[in-house]
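Note that the chains are named A, B, C and D in the order they appear, and that numbering of residues resets to 1 at the start of each chain.
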């Protein structure tokens, strides 16, 4: 299980707090509890969790109809052990946000998510819950990850049931602790720039030259320089 | 005498064992992260004001009583099933039929009095 | 409002570490929190009144509809539907898109009858610009709309039988739905929200094998409907749950503006396809199923029979499918065919103008109504001469039919409330727009 | 559809009952529109519904529209339908925007809103649709049983579908506008 850069950072911080004695009460107890579990038990548990994920029936809009057809015999999520759609958040492991989340619905979604028991995961199905899709207007929250942590974003409007199943398999890999890396981790990119950053985090000059030439794009420095010029002009 | 009860005891023991391990395993390994919202009652995703002291209507009580009455009757039929097969005598069958007939009279009375339909 | 929602992160063993903070301190639900003083004390025990939320997240509300129900034991005393939990401001978004781009928005309102929404909008705009669409396009539109009506009734039958406990119906109905979606995918390329209609006709002609596949489907479908009826028609539980339940008189329904299967189940033969036929509904002979009592069972029977009628319409549409162009050739509103671009200059200009800015509609406003699976679906477009509609409003049948829900359920039991909502078949996307 | 002369007859019929209700009649794209003064709306609707030979007993749709550059800014449309003759007529009530002076969009509490009589008594189907017109355009219907916001959150400020209300939403994240978009660093 290769260690993620970010989670390594978080563990270092907590270890430092522990050494300084700043870590007490609930955090300390949780820290110790995590250390106690041996990795084999962890893997066994994750394996059990991955193959019996109970989704919560959370049909919002058109994606809900495709989510329903995922349960039927043709696409059959029962093959992955997830056809038991639980109605109450207490018995659900995973919530599939299928549809657009309006600003009136956001507190309800957040509350239902809070009332779900740990460990819990979130799939943002379709463009609308991932990024408000084509409804960039006053009524829709621009992406469900603005008010709750989302694990898997599935593109499509509505995504085909096969796409939902593929997203569900990705979630199972994530639950087993061996997540497929998202494009940002794979290409070590932070924002939307088109060239890969190297381990040092700073893109090497040749990489930028090559990318700029290839894409006839202004490099990051030129963009920033021209922006300063425009701001003080 | 104890011989005939052994299977029942083994069955009950296994049941408790399996049920217990799952519950215990769950409480040990499950990550626990309480937050203020999780404790509140779930009412379709909205904050709720249901107070603990909720008083049920009397009609629920009536239906519950009737259910218990006829459910226990069915429980009695199970051992009789085994007995009728073992003893192969008509007497046991006749006895249980009388028992069922008696309760049937009770059912017809309750039905005619209108306790079954909801008001 | 959107940017002050707390960005919440959580430490879990998911490999990505985020620190934990109080999740929803600022996210109190703005909808009025029902302040219920325990009013039980004043009344005798059996008048114990309880107000609960059959709230936005509920398996039986067919979407995110919230019902504030006041109960006395099992009896429903008062019912207040609260909507808007799926309001996506589609009508506002349409106002800053050109006519060409409004069609995908319009489809996503009532997401089970998307062909009808497209037809309502395209028909309205075609009447505004007085553009006549060729007969083949009319037949193709009716063909796809009737397939969509069957699919919409199948999803209704699956989910409402699920609500009443017949879970196996869900799998059967969605088996047929997938067949119809395969047909849509073959002719339009996409399962749902196909954007197949455009102003001036249809986007693309149907492929060669499509007609054979639709005929196969039409030959199989009536036997499948017989299977549904065999499952449900003499099913004692289904009969007890739906017979004599949620009856609303015909006059009251008309007063409340209810249209569609609900009105026809109450004995009123009002169907816009027969009464005010648009497109080429006049060329087909089909009859309108009309109920007598107007209870849940009649609504179920009317919709089942409508599916059979739709199969008949599809077969007649296939037999009479005329040859010829599938889109109008008026270059001001319709893209010229691709091969012409390399040869003629003015089709290149038309193409360029249409693609960059879209066509302009002379100022005017029009209301155009068609019969969707849930009732009269009206589209009101105000054009102010520019290439963007000034106002697009949809009269959604579910939104208006929901007003009758209160009359149906008050006085009944909770189980009847669930059954009435299932038979009312509201699509919350259409209710909240 | 009542053709143009038929529309004129209807206009005169309404006029006899109450002077000054009908401002203008319009007949385009085969659609008869009766443009009516907001005070006379109830009278016109009652006349169209109750007179025997008219028989417009079914209100299929009630919707509002905002014609911002035009002076009578708001308009409430009543799509009436006579089910025996299958004829549709549209009654359009033009409403001035009293708050035309100040530029605050519904921010000030004592905000002046355009007012109109509610026709729920005549056509009960208008209840939800009038609430929607109030919710999106701020048109107050006097006499409505419970005029609250129907689709927007209860405590939402502003009238979303007015032409001068910003459409909102976030710009799409591209390289050039990356820095300005909030929380681009993720």
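Going forward, a residue touches a chain if its C-beta (ideal position, glycine included) is under 8 Å from a C-beta of that chain, and two chains touch if they have at least 3 such contacts.
Keep in mind that this is a model prediction, so the values were computed, not measured.
**Q** Find the chain most remote from subunit D, comparing centres computed as mean CA coordinates.
**A** Using the mean of the C-alpha atoms as each chain's centre, the farthest one from subunit D is B.
**Q** Mind naming the chain pair that shares the most C-beta pairs in contact?
**A** Maximum number of inter-chain contact pairs occurs for A-C.
**Q** Report the inter-chain centroid distance for subunit A and subunit C in whole angstrom, where each centroid is the mean of the CA atoms.
**A** The answer is 32 Å.
**Q** With chain centres defined as C-alpha means, what is the inter-centre distance between subunit A and subunit B in Å?
**A** 43
**Q** List the centre-to-centre spacing of subunit C and subunit D in whole Å, with centres computed as mean CA coordinates.
**A** Roughly 24 Å, centre to centre.
**Q** Return the residues of subunit C touching two or more other chains; collapse runs of consecutive numbers into ranges.
**A** 2-3, 7, 10, 12-13, 23-24, 28-31, 55-58, 84, 87, 89, 92-93, 432 - these are the residues of subunit C that touch more than one other chain.
**Q** Can you pull out the residues of subunit D that are in contact with at least two other chains?
**A** 152-153, 160, 165, 167-168, 170
**Q** Counting only residues that touch at least two other chains, what does the list for subunit B look like?
**A** Those would be 31, 33, 35, 37, 44-47.
**Q** Considering the complex alone, what residue numbers of subunit B touch subunit A?
**A** Residue positions touching the partner: 29-33, 35, 37-38, 40, 42, 44-47.
**Q** Quick check: in the complex, which residue numbers of subunit B touch subunit C?
**A** The contact residues of subunit B facing subunit C are 31, 33, 35-37, 43-51, 53-60, 118.
**Q** Enumerate the contact residues on subunit A facing subunit B in the complex.
**A** Touch list, subunit A to subunit B: 30, 37, 41, 45, 88-90, 108-109, 111-112, 114-115, 117-119.
**Q** Please output the residues of subunit C touching subunit A within their complex, sorted ascending.
**A** Against subunit A, the touching part of subunit C is residues 1-3, 5-19, 23-24, 27-31, 55-59, 63-64, 84-90, 92-93, 104-105, 108, 111-112, 155, 158-159, 170-171, 174-175, 177-178, 181, 191-193, 428-429, 432.
**Q** Under the stated contact criterion, what part of subunit A meets subunit C in this complex?
**A** That would be residues 4, 6-7, 9-11, 34, 42, 57-62, 64-66, 68-69, 72-74, 87, 99-100, 102-108, 110-114, 118-119, 121, 128, 134-142, 145-149, 151, 157-158, 160, 174-175, 177, 179 of subunit A.
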